[in-house]
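Next come two complexes built around chain A: one with chain B, the other with chain C.
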Partner chain A sequence: MEFIYYFGEVFTFWSFSLLLLGTIFGLILGATPGLSPTMAVALAIPFTFKLEPAQGLILLGALYTSTVAGGAVSAILLKIPGAPANIATTLDGHAMAQKGEGARALQVSFLASLFGGVIGVLLLIFLTPILAQWALAFGPSESFWVAILGVTIIGTLGGGSVVKGLLAGCIGLWLSTIGFDDILGTQRFIFHSSLSGGINIIAALIGLFAIPQVISMFAKGRQTQDMEVIDVKPHSLFKSVREVFSSVRALGIGTTVGSIIGLIPGVGGQIAGLVAYDQSKNFSPDRKRFGKGHPEGVIAAESANNAMVGPSLVPLLTLSIPGSPTAAVLLGGLIIHGIFPGPNIFRDYPAVVWPFINSMLIGQVLMCIFGLAIAGYAARIARVPPHIMAAIVLTLAIFGSYSVQTSMNDVYVMMILGVGMYFLERYGYSAAPLVLGLILGPIAEGNFVEGSMIANAQNGVATYFLMGTLNLVLILMVVASISYSVWLELRSSKTGLPS
Partner chain B sequence: MNRLEHAIPAGVIMLVGLWVAWISFTQNPAEAFLFPRLISTIFLTLSIWTFVAAWVKPSEVNATISATTWMNILPGLIIGAICVFWMGKAFGFYTASIITVFTLISYYDPAPHRQISSWIKRILITAGFIAVMYLLFAMLLGVFTPRETLFR
Partner chain C sequence: MKKLLAGAAIVLAAITGTAQAESHANYPDRPVMMVVSYGAGGATDFQARIVTMTAGNKDALGMPIAILNKPGAGGRVGWNWFATQAEADGYTLSAYNVPHFIAQSIKGGVEYSTDSFEPIANWGADPAVFVVAADSKFNSMADVVDFAKANPGKLTFSGAGLFVGHHIAALQLEKAADVKLAYIPNKKGGAGAMKAVVAGEVLGGVNNLSDAFRAREAGTVKILGVFDLERNSFMDDVPTMKEQGFNIDNASVNFRGVMVPKGTPQGVIEKLAATVPSMFENGRVAKRMKAGGSPMAIMNREEVQAMWAKRQATLEELLAGL
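Then we have the complex of A and B:
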């Protein structure tokens, strides 16, 4: 119950102001089509440099929570999901809006998000210390396998080709070795002076997540905007509250599915929303109403994608394995503030981690209040034309990557990696495993080298890394994640169904 | 067509993998390249697999960038690259950003260029956005950007 002790930290003037700011901006950014939560958090990291670590993380956590919920606004009113996590919301949410029930859909969506989000954060509060306690038994070999498991799992379960996912992870691991070797000070892969300091994680994150989206916006050319915002007519909030909490089945399925999927590293909110929607439809006696504007569809999808947020941080905080691409960006934010996630995180940084987690709990309530208050306006604010959005994001990316170390080299690296990622994405490679490889590379290498030194003094490298119960369990998990993904891919190529 | 379309990028990645492996296994001291050797072996194996797969079983996914898309992307990319690789240092970030944002907004704006109101709108958007950036980065965060021609 240590978290209660740090609750007061969230209510200091600056922390609470940042929480409010992050929530309101997150709702607007989430409602903006083309701006993903991952990109929003990546672009916000440079703004946290001048802040205390706890305050910086409160801002990033608020953005993460509210961008996912805000994505429902454009999914319902514009039929364009603000984030991949809101795809399932468009199915019934927009149909409700078309029937003149836009306000009801928005209210139901934010209330379901609140319920799912609170349960998710409570899981984060109670599961993280347990997992951290368990992870205390990890030595260098286990930590090495955990880092490899992180890259493998996000590479294989993130969707798309397994081989390409793993290859992207390998590219990320290789990029992390560029620069001077930490132990011997040897130069590695420095083919240009701008790379002598290695690749800065934040500049890489901004480039990999923001620049491909900027280029995609350029690709639309001089396109006139044909997005029509559906007008929101007033609806009784009391009726929506009663409706959400009487839809026990949809709420239960959404929250359970979201929480479980959040705990599985690398899967993300998109899958959570779609699986919850599908299961809710399967178990509903009114399944024929799904897709035609049934509130239960919105409740299941939105409670799932918000329930996923808290649990996605459990493996991140205790094992450095992010549960979603946005959590991977948060990992970069933690590292830049000198917080290295791991089993000792609650012992070493309680004054940073607990206020951050507590703020996510308060943030859920603020997200619901402000979401209900500004949802109708947010959709109009968010209707920024893509060409203006592209110019704004590009400029923010340049300033953001420069401000990390006030170095032009970081801007060059950001731009080159971003343009490269745009083309890689077209050929089926995704940014998430590459980013994770880049972030977890130093952790994997540090433990690999340390383990090798211990192994040389003991029974040899093979015995040290491949023996022992924990090592074997982790290796089995690596093999299982790859095998399962290969099986899914083979099945999808045979049946033609998406994996 | 489809075979080459996927085999060429796979081939480029394979060549990068080969280069990484060659550097990792030929450079010394060996201890500094222990981890890169491990990664590059897997990197090379997977890249060869991807290349062979792209050649033997061409993907059904059409990844070709059409000429129209190229024509849409290139001006934005060129303006962005000029800003990053030259203007940012030469003119300073804020001046370079004014030029970049205004040029990008004007080029991609579907509104007719003959309308004076659309030009006023573009100027106002650029000015408003740069003012916010200046407030955030120069005044709030205190980030020192490269030497400025119009800003201090």
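Then we have the complex of A and C:
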């Protein structure tokens, strides 16, 4: 309970000002498409040079937590996920916003974020030694199976036909192979030098989600004379609070899945939201409402991606192993102040580490308060007429994809993928499984290649990938997930209803 | 007519010549950009930000240096861009990593070689070290090599990738000890390779001295040897490979520094070569680098040119069999 002594540190004038500043900027940066949590933290590190270590880390911690939550704003209102973590939020969140329930979606999202985030940080505080061992249990073979488990949810994710979901996933997997192979340096599908770095995930995310919308908004603007104005319903905060905390199933699944998957180095953060969304959909009695603006979808996704924040720092703080790109940037921030993470970090630097963790706890609360305060105003964005909205989204999409690596190549890739996705959507394919393929492809491939090299020096590939308790548990989960998709498809073809 | 033209040409050359000389005198009159071919937060990015933080001082360039990350494919994306697209006007610099870019250019498939760039100065040298998990039964390089001799091809050890310093060190070890080893390149770079060692996925690993130093402080690894000519001041208890009977030089040491594209005006190169090394010597820079466990090695343009040429020859020989 040592951490309680260090709460005072957070409430000094400077620390608290930095915490406020980090939270507000984090929400704004997170809500801007293309500015991912990783980038927000990287941009802030030079500012921490001038600060005391504890204060510098308070700023970074606040930024990390609030950018993750802020990503939900653009996911819900504009259907542009700020980062891969927010993909699942678009599915129901944007559908709610289109029904005029943007305020409700945002309130629900921030409250679920608060719940998941606090639980995640509490896990970090109390269970770090146990969790660190768990993180190390995931070697190449286990990480490969986790990625495959992620691939299996592709079929059920889109909400439409399983076959079309799988096809879209395959396109995503193929796109992920473009560029120099990271291990051998082989060139794959590089038809033009601008593709040599592969397809940037953030740029692809923006293109696949935003551009089809922009095109259909422009088309709509021409068809209709009178703009149909969405009636933006205000929503009482009390009702949202009751709604979130009575959705025990979605909140429980989101938080559990988020904190367990978030711990796996290199895999977690990207897919925690999607896996949690898929699971709470599968376990829900009214799974048909998912994808059409069901608050439970938002609750599961957002509680999961914030629950991930705390545990994702466990391998970083105790083993000096960054589990995610953002954690890698934070490691730089720690080292620059002469703090070397390791098993003794809590003993050697308590005056720095505890204020940092405490600030994430308080940051969650501040983030929720600010988020709720702006929710009502932000939701009014739905009243903007489609043709103006299309111009705004297009501007944000270009700005966002350019700013990822300050490169026009990413803008071209974003536009081409987006236009392609517009036509695919007209034929009933959706963007979420495609993006999932793009994200999981390199994870599955990299771990397979690494694992098979180790296996060849030991007892062969089959033993390496198919033996061991954790491998077997994961394989069983893969089989269950595939069987479930097949069963759904068979049932829907029998009854003639879409699954 | 010919005379007239020749005369005009001479006058023109004189005018443009002086104009150029004048513009170099003012260089730099706007902020300078430096490309880093690795992602934000990595060791190269992190060090590049520290060593350039005093660029805006009057006694340095007098203009700030902004870092631009162009990561991908082990640095190939950034260096390809730098060799083919960057303007050679002195306002676009790049960080280099030797032996990485030289080894990649020997392997082929990229649009650069040592002839595409002009070195300015070197700031850091991070030797490779051999690490094993803290609870490993190996306590010296002799233990490792004995195991490998008894089990050819079964000694798995990780490193940051192919055609990077760690891979070169691995090849040198195989050659010097005359054993067959199983080098496992990690897709997530040095951090991923270190995780593989700590988690027991592999029996050992080649890693950066700076990262290994921190891991040893944290109590997760043992360091068995340094792939360098001399012991390192960060860990003077760890013997070099040569001391342990393996004929290995410093070809795998990861040198980091600043370069410009070929074709950059000579005046600009001279100005940079004169000011950048002293910028690296700034006390604030040294303090930050030491706190981060990053060994510095400041070298001027001539020294870097000699080092590049030497690496080119060594690497051509080492990689010939691959």
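Keep in mind that, in the parts below, the second predicted complex is superposed on the first by the 268 of 499 C-alpha atoms of A that agree within 3 Å, B and C clash if a C-alpha of one lies under 4 Å from a C-alpha of the other, contacts with A are read in each partner's own complex, and residues count from 1 in each chain.
Rule of thumb we're sticking to: a contact is a pair of C-beta atoms (placed from the backbone, for glycine too) under 8 Å apart; a residue touches a chain by one contact, two chains touch by 3 or more.
Since the structure is predicted, the reported quantities are computational estimates derived from the model, not experimental observations.
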Touched partner set for A:Ile398, first chain B, second chain C, both or neither: first
First, second, both or neither for A:Phe423, with chain B first and chain C second: first
Partner chain(s) touched by A:Ser407 [first = chain B, second = chain C, both, neither]: second
Partner chain(s) touched by A:Phe49 [first = chain B, second = chain C, both, neither]: both
First, second, both or neither for A:Lys220, with chain B first and chain C second: first
Chain B versus chain C as contact partner of A:Phe189, first or second or both or neither: first
Touched partner set for A:Lys99, first chain B, second chain C, both or neither: neither
Contacts of A:Lys239 with chain B and chain C, given as first, second, both or neither: neither
Shared chain A surface residues [contacts with chain B and with chain C]: 46, 49, 181, 183-184, 186, 406, 449
Parts of chain C lying in touch with chain A, wherever the complex brings them together: 39-42, 45-46, 49-50, 53, 68-74, 76-77, 80, 84, 104, 107, 109, 153-156, 161-163, 182, 184-188, 191-192, 194-196, 198-202, 211, 214-215, 217-220, 288, 291-293
Residues on chain A engaged by chain B in the complex (per definition of touch): 46-47, 49-50, 163-164, 166-167, 170-171, 173-174, 177, 181, 183-184, 186, 188-189, 214-215, 218-225, 385-388, 390-392, 394-396, 398-399, 402-403, 406, 408, 411-412, 415, 419, 423-424, 426-428, 444-445, 448-449, 452
Residue ranges of chain B touching chain A (in the complex, touch as defined): 6, 9-10, 13, 16, 20, 23, 27, 29, 31-36, 38-40, 42-43, 46-47, 49-50, 53, 59, 61, 63, 65, 68-69, 71-73, 75-77, 80-81, 83-85, 88-89, 93, 97, 100-101, 104-105, 107-110, 125, 129, 133, 136-137, 140-146
Chain C-facing residues of chain A, complex: 38-39, 42, 45-46, 49, 136-137, 139-140, 179-187, 193, 196-198, 265-266, 315, 319-322, 325, 328-332, 335-338, 340-345, 405-407, 442, 446, 449-450, 453-454, 456-458
